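Below: a set of structures, written as structure tokens.
Presented sequentially are two complexes of subunit A, the first with subunit B as partner and the second with subunit C.
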Partner chain A sequence: MKKILAIAWKDFRITYRDLTALLVNIAAPVAMTLVMSFAFGGSDTGFSQIPVGIINLDGGMIGDIFINTFESEELAAYLLPEQYTDIETALNALESDKLAAVIVIPDGMSDMLNDPSGDDSAPISNDGLKIELYPNITRPVSVEIIESILDSILIDLNAGFAAGSLGFSQLIQEGLVTTEELSNGLGEAIGEKLEPIFGDGSSQVTLDAVYQEADSDTGFSWLSYMAPSMAILFLSFSMTNSARSILSEREKGTLPRLLISPNHPGVVLVGKMMGTYIIGLAQVFIFLVISRFLLNVHWGGTVQVFVFTVVMVLSVASWGILVASFARNSGEASAVGTAITLVFAALAGNFIPRGNFPEWLKTIGYITPNAWGIEGYLNMINGATFSDMLLPMVVLLGMSILVLMTAGYFFQRQYRN
Partner chain B sequence: MIRKIFSIVKADFLLEFAYPISWVFFLGLPVLFTIIIGVALGGSQAPQPSDVDTRPSILVIDLDQTVSSGLLLESIIKDDTVRLVTVNSIGQAEFEQEQNNHPAILTIPEGFETALQENKTLALPLRLGESSYTTIAIENSLQSALQQSTAVWKVARGSLVILGERKDLTETEAQAALETALTDAQEILKNPLFSVEINQDPVSSPEPVDIMNGFNQSSAGQLVTWTMITLLGGSIIFAMERENGTYQRMMTTPTSRFTYFIGKLLSRLLMSLVQMVILVLFGSFILKVDWGDSPLLLLVFLACFGFAGTALGLMLGSLVKTAKQADALTTILSMMMASLGGAWWPLEITPPIYQSVVRVLPTTWAMMGFNDIIIKGQGLEGILLEIAVLIGFGLLFCAVGIFRMRNNTN
Partner chain C sequence: MKDNKPQPILEAENLVRMYGKFPAVDQISFAINKGEIFSLLGPNGAGKTTTISMLSTLLKPTDGTARIAGVDILTNSAGARKAIGVVPQDIALYNDLTGLENLQFWGSMYNLGGKDLHIRAEEILDRIGLSDKKNQRVRTYSGGMKRRLNIGAGLLHRPSILFMDEPTVGIDPQSRRMILDLVKELNRDGMSVLYTTHYMEEAQELSHRVGIIDHGKMIAIGTQDELTALVGEDEILRLHTLDSQVIEQSCLDELAALSGVHSVSRIDGQIILNVANAETSIADAIAVANTHQVKITSVDIEEPNLEAVFLHLTGRALRD
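What follows is the complex of A and B.
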């Protein structure tokens, strides 16, 4: 055991004295997580303020409704509205990708609502009551959000004017008011009574939307997703690199020298594997601590995070060791290991949240330790207890044993002679 | 000189493809990633046979079974974003959910119409899958449908308020007036007064582009990602040749430094061009991504991106100490630069300051150019700035790389 630890410790020291390894193992995942959290602002959907240009040529009540809504506090987190005075400047900004969309409220829109005859109950043609939207087609998601906000305003506006039109025509039909009375301010006074129904635009009947993760305290956030995701991705890279050192030693002649020493060949190989594992453990634990204090990621209960990490690192390391067991040289180990790392990362959702995957792709992802790792850490971030984590831990442990046994078989074949 | 350059190019090609695994990185993984990321980003928008309904399905349990709940269902159908699967009981819903994993379940509770009638508060339970582009789109669509269908009640109640200002209504009269108003409101709202007119971007493609197709993003994005790996792979060759003395020995031969660098840069550039052209053809013919009408212009842009990446490989090769370091950094740096530059997810969902900061990366400019070609269908004029910036990046990286290589070996 002492010999195994001595070999492992030697590999560990060599790795963490190498600046490149430190960059790849520690700095890169922290930097990537930091950049991701900056990029997505810690918001639930990943969206941040969408720049939208508004040209209010109307200057009346309708124009004010749109401006007030787009500049409201409720939408301030999603929109970055900017008013323009001329369409050319706004479209130039759109063309140069500074805006996601330009909204034009046409001139005289409010005036058109007031019939020149003074009959507020008369039907109004909707020709010319069109809000113009110029979308930036390179920002389809932002445009969809802006469109849905516009739709929401229009539904309420249409309902408000429909109510007025219907109510006033009833009053006139029943001879309760005259058109003159309505145009002399009575219409406006009565219209104000509609304020409780249409005033804040909100409805008494709403949707109570609950997303799958929303039963937790924190819900989904890019930071909570990307932190474990980057930790596992960079762990996979370093495990591949570390395991291939077995082959590098063979190429340099140090491994054959070790194998002819009084040490049992198994001791040497287990020592090398142990070194890989300790390097991975150190990498993930350092990342957990840094991300906890620097990025404020709450990983969950200490005991379950510790045990889960021990099992998860073993599982990822076992794949690196498997590659080293059958590769003919360190170059091949590096190429195959990197390929496996990337395929696993793509299937598991290390780059794009798994929630966006169709079911079949999510299921395929479970053949990788990455998917179990990401979901395990996410569950712990969302408050999973030790017993909740038993299944992923058992799966990861089972995977490790199976992969290590296969690696053992290949090692035996390689080093038998 | 041409013959020497050709020899260097040939040697580099032979070295690069000496092992079959190289093809995995060159074509296998890029194709796999393009498909996976495209499916993840595009979801239901991924290309499908025309007779297949690709809209996400939602399960609706209508426990109210009234005119109002019917109106809500009609509005959802009219919105056309989702495919409706209606069931009559919770038990049936659970069975259906078990069979087909629907991304959303909406319950219209008993008393929905009464709540609208009496202007009472009511929340309709909507269970959604994990937060994703699809589930967010479903929530938005249902929100809009609910607002649309309940607007009828707002109109009817509003008109009643107006009538009540001048007429004292008995309860029976009020009820009768409300029912009439509801019918009238439905008619009026069929032709809404205000609407939105969408004007296409004046310089956009005359042909409609499926802007929500995830493959538009993944085809260009993964091309940038994997070509960067090939291009930065040049750093390993530069570092290796410096490390094992090949570069120094070359400098003692009649081959000039200029010939050496041109040969090296050209081999990497040609390699990346072959890779990019294959990936463009794959995107174009298999994934039906519209890569624009001008193959020549596209080739020019690919070459500019290739030049910037090749030069970056040279610079990286001159900065690292060993080929092993270059090897460890190539994939990670490529992945990082590509993802930060908008190759993995659209930059539009990031804050404006982030979008400005990442313009220091050549990958950002490459993605901007590809988006202009694919989505906007722009010509040379539209991507001139991107071309100029990429060439600028290339020249800068080349200068630093050659300077460092000379210094390192002197």
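What follows is the complex of A and C.
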């Protein structure tokens, strides 16, 4: 074990004495996170309409307004609304990434606007009746767009209330406004129509929405998406570079010298792998710390972030080691490693969130450690607990074992004399 | 009663290494005694490095075996590796580590550690004359300094025998002298050395015994006196020409046909003749050269040496 650590520590020292490696491993992902956040922070769409699930438990006028708005022709080019009857089904669709968000309009929302007592001076409570929005964390910009639409409806409706102090039901009953008009005019017209009728009435009802991600202490941002994406992308590059050092050592003659020391060749190989691994660990942990304080990325609970990182780096490193195991020279390893890194990055959504990919492409993405890594970090950013992270950790660990065993086979074939 | 019989530290028996159907090393056998410097002398591609690679357990012999310090390299390769120190032909060091860090790393690969390793590394640095440069990264070293450190890394674990594979290739004369002196010094301290080279002068200066290797075969083995005796009383007549001089084969054929000339070869700007009597052959040789418009700039007459032996045995010069 001492010799394995000696080889690993030697590789670590050599790597981090190199200014280029420091720039590539540490500075570049931070810079790229910032650049990508600024460059693409406005959209994760552009490929398809945003699928949004709506559960109208209200069944009254307010529910109709929301349904009509989300299904309006003006938004048809951007939204793909689908009505659900129960929350569980909708949340399952959200979980499986079929929806960008789920909006729940609670039962009794419209009734709230009708004062059953007929006493207009008494305040009407809407406690506990709030429109809920469940976001898909892998589609940050889609969620932001839906939130904006929701906010817009709420603001306009509330403006209408402020102007009129009247239940919408009365407006409709009196034939002054239709639900279609309410939805299309988004409430502003309501206020205008109510003003001359109801004069100086004061607001008694306020509609509000609850955004479920507010349960985590961070919320979601494009920066939070790009931080893990860039961390994993540059980790992939550095792992390929580091793993190919075994081929560089062969070319420079230090590997033969290691192999004629009185050690089993496996010690040398494991030492080299361990070196690659600790270089990757250092790279990611340094990035996590820098991004926390410099970019204000809240990665989530320390324990799960630590354990997940340990497993995730192993998985990414194993792919780099696999490339080194079958490449005939360091140049070939570099070329193949770069190609694999870029293909994995594209499949896994290192550049563009996978939420916008077709289903089949999303599924293919799961062969990469990148996809599991990005999703894992995003889940933790949004408050996932240690037990929530068990599945991705087990998958990444299993992938590492499989890939390292394959690499071991290729190494044995290549270095057997 | 003390047994004065030489004790072998290395015994190679019928070593063979095939690359496909090509025998890089073909049935080589030799032994090196304790405290002996043994040189494998041969041109590039003769099989010297392949032989050292097999003996150091880096390459598995296709056939044959060897024992180092009594340990069979096939059945106990790890045991054999403990007894050997290897100075590879390539400079096998880490450029981004300092000289001291390199030695400490290589020492740790041989089970050295802690204070012992540090002391040993300092000793080696002192011995190879790099103590004042020990904290500089190796990439800042000159070629000669790297060569010396390359040797130092092979000495850390006090091996019973040191394998040195062409350790003076591509370095300046001063560093070369330093390395040759170091090899002699190590040998005076009792270390056995297997030294490969294609420089006849080095083999001649260092070796107690020499094995001449060509095309993967050991074509002669013995002390220098024993080997030079193979060429009898021949002398070497070396005709120097301009480097740019074109020497036709017909000229060499005519020189070979002269009375008293046993063999002729050409290397760089020189024509080398093995002759029975240099003084009597010199005039005829120059006359033939003139006939072929070959301008002779100077002439040397040398006593029989290892180059003459190689020429005698193969019909070619060492650097052909």
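Please note the rule applied: the second predicted complex is superposed on the first by the 233 of 417 C-alpha atoms of A that agree within 3 Å, B and C clash if a C-alpha of one lies under 4 Å from a C-alpha of the other, contacts with A are read in each partner's own complex, and residues count from 1 in each chain.
Methods note: contacts are C-beta pairs under 8 Å (C-beta built on N, C-alpha and C of every residue); 3 or more make two chains touch, one makes a residue touch a chain.
As the structure is a prediction and not an experimental result, all values here were calculated from the model.
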According to the stated criteria, A:152 is in contact with first (subunit B), second (subunit C), both, or neither; which is it? first
Pick one for A:258: touches subunit B only (first), subunit C only (second), both, or neither. second
First (subunit B), second (subunit C), both or neither: which does A:391 touch? neither
Pick one for A:14: touches subunit B only (first), subunit C only (second), both, or neither. second
Answer with first, second, both or neither: which of subunit B and subunit C does A:27 touch in the superposed model? neither
So in the superposed three-chain picture, is A:91 touching just subunit B, just subunit C, both, or none of them (first/second/both/neither)? first
Which partner does A:76 contact after superposing on A: first (subunit B), second (subunit C), both, neither? neither
More subunit A residues in contact [subunit B versus subunit C]: B
Subunit B - residues contacting subunit A, complex: 19, 21-22, 24-25, 28-29, 32-33, 36-37, 39-41, 43, 101, 106, 112, 115-116, 119-137, 139-140, 142-144, 146-148, 150-151, 154-163, 165-167, 177, 181, 184-185, 188-189, 191-204, 209, 211-212, 320, 324-325, 327-329, 331-332, 336, 339-340, 344-346, 348-352, 354, 368, 371-372, 375-376
Subunit C - residues contacting subunit A, complex: 53, 56-60, 78-79, 81-82, 84, 86, 88-94, 96-97, 101, 105-106, 108-111, 113, 153
Using the touch rule from the top, collect the residues of subunit A that touch subunit B in their complex. 20-21, 23-24, 28, 32, 35, 38-41, 44-51, 62, 80, 91, 94-95, 97, 100, 124, 126, 129-142, 144-145, 147-148, 150-152, 154-168, 170-171, 174, 176-177, 190-191, 193-194, 197-198, 203-213, 219-220, 234, 237, 241, 331-332, 334-336, 338-339, 342-343, 346-347, 349, 351-359, 361
Residues of subunit A touching subunit C in the complex: 2-3, 6, 10, 13-14, 17-18, 252-254, 256-264, 417
